[in-house]
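So, here come the structures, one by one.
You will see chain A twice below: alongside chain B first, and alongside chain C after that.
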Partner chain A sequence: MKKRIVSVLVVAAMTVGMLSGCGSSEKKSSEKDENTLTVWAWDQSFNIYAMKEAEKVYQKDHPDFKLNIVETGWDDMQTQLGTIVGAGNYDKLPDICLMQDFAYQKYVTTYPDLYQDITDCGVDWSEFAEGKLAASTVDGKHYGVPFDNGAEIACYRTDILKQAGYTIDDLTDIDWNRFIEIGKDVYDKTGYSLLSVQADSSDLIYQMLQSAGFGTWTEDGKPDLAGNENIKQCIEIYEEMKDANVLNVVNSWDEYVATFTSGKTAGVINGCWILASVQTAEDQSGKWALTDMPALPGVSSATNYSNQGGSTWAITQNCKNTELAEDFLASTFAGSTELYDTILPKSGAIATWLPASESDVYNEPQEFFGGQAIYAQIADFASKTPSVDLGVYYTEANKALATAIANVSGGSSIDSELKTAQETVEFNMNQQ
Partner chain B sequence: MTSKVKSTFIYIFLGIVTVVSVFPLLWMIIAATNKSVDVIAGKLTFGTYIAENYQNLIAQQPLWSSFLNSCKYTILVTAFALIVSSLAGYAFEIYRDKAKEKIYVVVLMSMMIPFVALMVPLFRMYSKLGLLNSAVGFMLPSLATPLLIMMFRTNAKAFPIDIIEAARIDGLSEFGIFLRMYIPSMKSIFAAAGVVTFMNAWNNYLWAKVIMSDNTTQTMPMLISNLISGYVTDYGMLMLAVLITTIPTAIVFFALQKYFVEGITGSVK
Partner chain C sequence: MKGKQNATGWAFLLPAIILICAFSLYPMISALITSFQTGTGVNIKFAGLSNYIRCFKDDVFIQSLKNCAFYLIIQVPVMLIIALVLASILNNPKLKFRGFFRTAIFLPCATSLVAYAIIFRSLFATDGFINMIALKLGIINHAYNFLSNPTSAKIIIIIALIWRWTGYNMVFYLAGLQNIEYSVYEAAKIDGASAFQTFFKITVPLLKPTILMTAIMSTNGTLQLFDESMNLTKGGPGNASITMSHYIYNMSFKGVPNFGYTSAMSFIILIMVAILAFVQMKVGDERD
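On to the complex of A and B.
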């Protein structure tokens, strides 16, 4: 019995030892070095990689400079930001954090003292695409340095198109009516759908809307869903494609990626970040080609260009060394072609900083796309994308619209579903 | 004849249930050996890609330091939670009085408060105390768990009062009774409580994510979450990480399985 008591005491002593150890190491790591900036970002092979390269670029002139990059997923980041701001402990914020463009307006409006106004930080804002800049600009003040591009692309399997007697040129600069025509033909001849989409998502509708410069908000920030003829048209196109087997609707994101990586659909239309997923199917190398998306038919403002996603670097209120953070971002993400030349081939991160797209790297042929210089093309699409205000309550509207689409697919009328969506968004807005 | 038919149906039913519950585990193991593209395509045979998945994983994530962090925090939480909760449960039952009963009700009521509601005030407190990014900060909220206290109290009810009285007469101190009489006869309840606490602590994600904001204090659930937060998910690598994360809980559960069942159904007969 004594042995047992002794062992309990030993364990207790050991744990106390471990605890005290943890305490002291914690102090060391939280001590802030003047030349170190903490960054939150979420993708090792994409934005974290880009940040690490930016660190190297900046270190050339500032040898003491260091970054402490903490990998934090977007969902987790929202929880953490919410907790930190809710508790009022701003000193727990990082110096720089990456923000999804669609959430920017909401965070800046809901937590006005979360991010710093960096309008006068030395960045030449005219060197960024206007559509991209709109996300991080509130009341004419800039709250972030834009990073990656979400320019809309359409990729197709040329081998499947060929079987049906089409080339990539037949799908370039077309409208959705023509797309459906070709899609039906491709399906009849080859059995492949031309496009796939995730069931509980309204992203495709948003992409169609933005291609013609349409949003889901009125001038004074009220939801503009009920009776919106533009949204109605997009949903009608969506339904028509689905009924004609041109559009393959799957249940989850994983299934969506699988439709093109395992060769079940002949095309992808999404933000250009989807390229990273497309290119995981190494066995399909050389079989893909890239072009612009279809335009809305019969609309005077219609274009073949849109946007989905993208992100922006923000400097938080907690940053003690604002000058350093501003200078770092201004001389890397908003001032270094070298940086973009390095990160493009390895991560496919396409710059929104316009001078970068003039570099030779953008014009290099890509083997996966049969030798097409896709990056120059995408940069070109980005510069033509209509600017749309996604609004403070983008997430709410997006979800409501997704529900509406699902119900329309189940047989409800578009008008009544859009009315319900409008009420849902209004309800959510009043809750906050 | 009828009994044979009956048992055939029972076996078919059990067979289906077994497949449904075991298949995800099997699939996880298979997926860990395959390339991401093959996993997405639904390949159901073992591949040869496990070494590459492992290389990619350790190149991208601090795998073993996260694993050690998880082990460290979980062992600490389990050890201290068992000590605190067993003492509390025992004391609530053996030294009963009106005031303690009222406190016990408050303890039980705290079970009904969702953790999300406590998160912001807890974060505020812990950040004032300088406990963020520390093991103490991780374990403090789960030391006195109402569920464990209730478990220990219910089992202390079944502990014969005669033994305690006999021990008192023989001159054993109150703490001695707890240590030498109660604990040895409650092995199975300790095992059951240990398994539950271990699993909860090992899988604790939300709280860990809120207070650990440093790469060096990352735990396994946080690592897995990071793996799926990128724009492209490498499913082979992800499943390997999930497999590695599953192993310790599986070992603990199987080692204590015998006691676990006893503990849940009641220990003293």
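On to the complex of A and C.
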């Protein structure tokens, strides 16, 4: 009998707990007052941190202002945006949401009601880098305030390079042939791979392509994969590096980050936001140096600069207090050097708002990188990066290329795999 | 009087009926309607059967279908046989620590699908536990990247599934075994039947309804497989281990979404599950 009473009480307590749990969360959204904005972003140490600092900056003039920042992973955000808009349930949307640049075109065209056109919100658009602004502009209308930039960086462990008899200068302004040469030598002498990459991802190929101004689309927006000599060259470089142990291919993102934080690979080539992860390995402080990425060999338009990722703040259709949201973004991310001066050294968020790049903070030496003023360098890389249109069907093309690479690694020929990739993307685009 | 009784019956049924209609029936009908429409995102229009025809022209969908068939053909029989053998071993009243073994084998079912998939991924990683042990024991010379080979990636999914679901099916068999009179086994023993003979002549035939049920449930589960493909292999390498549900998810939420097309793919899975269940029930029918 006693047992029964106890179990009934436990069940009762759980039920009450669940109900009150649901109740309180509902209360929160209905209690939304006029000075609170809800924000979705995905990285505690990066964009959420930046948003919190922006809140502090804005609160100086608007003491009642408050942000409710909800950490929402990029994958979850895609699922949620799709279902919310698909169901027409707009009031579940946040007021402001962070958006990957490569997905902007897709969301604006497939969900025309999702984001507000903020062309006339008082932001001086000419103060943003043009290439960056292109991502969030559709038909001449601006749908977002650009945030961080994904300028491509290459950084290497100087202590390992030294063991093999190289310095960071040997890896600066080189092409991939030279990179492979050095990489083989480093691997033979020290046992370290120079670079790691996540399997089932074609990001590195995209970065190589963009560094020479190449994309995966023809001028009239058709996929340009089959028989594309540039892509073929990139995949050949990729395969050569992999076979020579210069490139270490791992299965997942966490393994990828672990390759350099745990000191198993001697270098990283990726968008500059990766620096936040690189710098988590505090025991490696002072052992890293930063430079530009290798260029494509034998290509006339080749440069040592590229881009990976980057994100932009958007105001959703759900935002009832558009004026407040617009004013907030315009006076922080598009109007406060103070904000960028705070977030840069802590999170490495390279501003795309040009007035911020004149700040002195950029020239401060960074201890982690042996006293190099890396942010000034990255800002310089960003200004030289060729601009490439990633297209509405970027995700499909990226996945198709990743599949092609996986199959080439398994022994298929590049030409036939690129042809299959072309067919896959054409199939995906043919939605009638 | 009778009318009143009926009314009371319906009143008890009503909450369940309302919930099923609202959360199961309505979405299904709505999805069926969507499956006849096509277009990207919210810009959709009616298009008849074109989505269903499109499915069979989609190489990746066909690949995911083949993958699911592979999992089904290999994993379900192996798992059910292991579960049956384990259940009859653990049903022996003379076995010591029966409770402990039963709990231990059932325990994987209590783990979250995502958590166990991620644990399997790290177990089989290039620098993971399995590679480390194999290297230490000298079985292999250098770490093998299990998840980068199409065949080994699929086999790892199957191993993971067997680990996760064998105990679950075993519990059904154990319950079924309770309904078989112990005297039947005693009689067989007196007649001089061996352990194998009792297993194939008594246990298996008397458990037939339970075996049928677990086979249908496992078939259904395998065709709708999602978490393992999503979290363990990410469908990779390439699309070598992707399942149908995972592909539907990718098409709905990763790329440019076409919910009409993805709904149509879901209904194709439904039709396949229905056909397979029907076949299994016919095969298992005892009245022939």
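Here, the second predicted complex is superposed on the first by the 400 of 432 C-alpha atoms of A that agree within 3 Å, B and C clash if a C-alpha of one lies under 4 Å from a C-alpha of the other, contacts with A are read in each partner's own complex, and residues count from 1 in each chain.
Note that a residue touches a chain if its C-beta (ideal position, glycine included) is under 8 Å from a C-beta of that chain, and two chains touch if they have at least 3 such contacts.
Because the structure is predicted, anything quoted here is derived from the model rather than measured.
Once the shared chain is lined up, is A:Lys399 touching chain B (first), chain C (second), both, or neither of them?
The answer is second: A:Lys399 touches chain C but not chain B.
Once the structures are superposed on A, label A:Ala373 by its partner contacts, choosing first (chain B), second (chain C), both or neither.
Neither partner.
Look at A:Thr280 in the shared chain and tell me whether it touches chain B only, chain C only, both, or neither; answer first, second, both or neither.
A:Thr280 sits against chain B, while chain C stays out of touch.
Give one of first, second, both or neither to describe whether A:Gly86 is in contact with chain B, with chain C, with both, or with none.
In the superposed model, A:Gly86 contacts both chain B and chain C.
Comparing chain C with chain B, which touches more residues belonging to chain A?
B
Contacts for A:Asp200 in the overlay, against chain B (first) and chain C (second): which applies, first, second, both or neither?
Touch partner of A:Asp200: chain C, not chain B.
On chain A, which stretch or stretches are contacted by chain B in one complex as well as by chain C in the other?
75, 79, 86
Residue numbers of chain A touching chain C in their complex, please.
Residues of chain A touching chain C: 75, 78-79, 82, 85-86, 106, 109-113, 199-200, 249-252, 255, 392-393, 395-396, 399, 402-404, 406-407, 409-410, 420, 423-424, 427-428, 431-432.
Quick check: in the complex, which residue numbers of chain A touch chain B?
1, 4-5, 11, 15, 18-19, 22-23, 25-26, 29-30, 42-46, 68-76, 79-80, 83-84, 86-89, 91-92, 94, 254, 257-258, 261-262, 273, 276-277, 280-282
Spell out the part of chain C that touches chain A in their complex, as residue ranges.
Interface residues on chain C, with respect to chain A: 38-43, 47, 50, 57-60, 121, 125-127, 145, 147-150, 234-240, 250, 252-259, 261.
Over in the complex, which chain B residues touch chain A? Could you list them?
For chain B paired with chain A, touching residues are 36-37, 40-42, 60-61, 72, 76, 79-80, 119-121, 123-124, 127, 130, 132-136, 179-180, 206, 209-210, 213-218, 222, 225-226, 228-233, 235.
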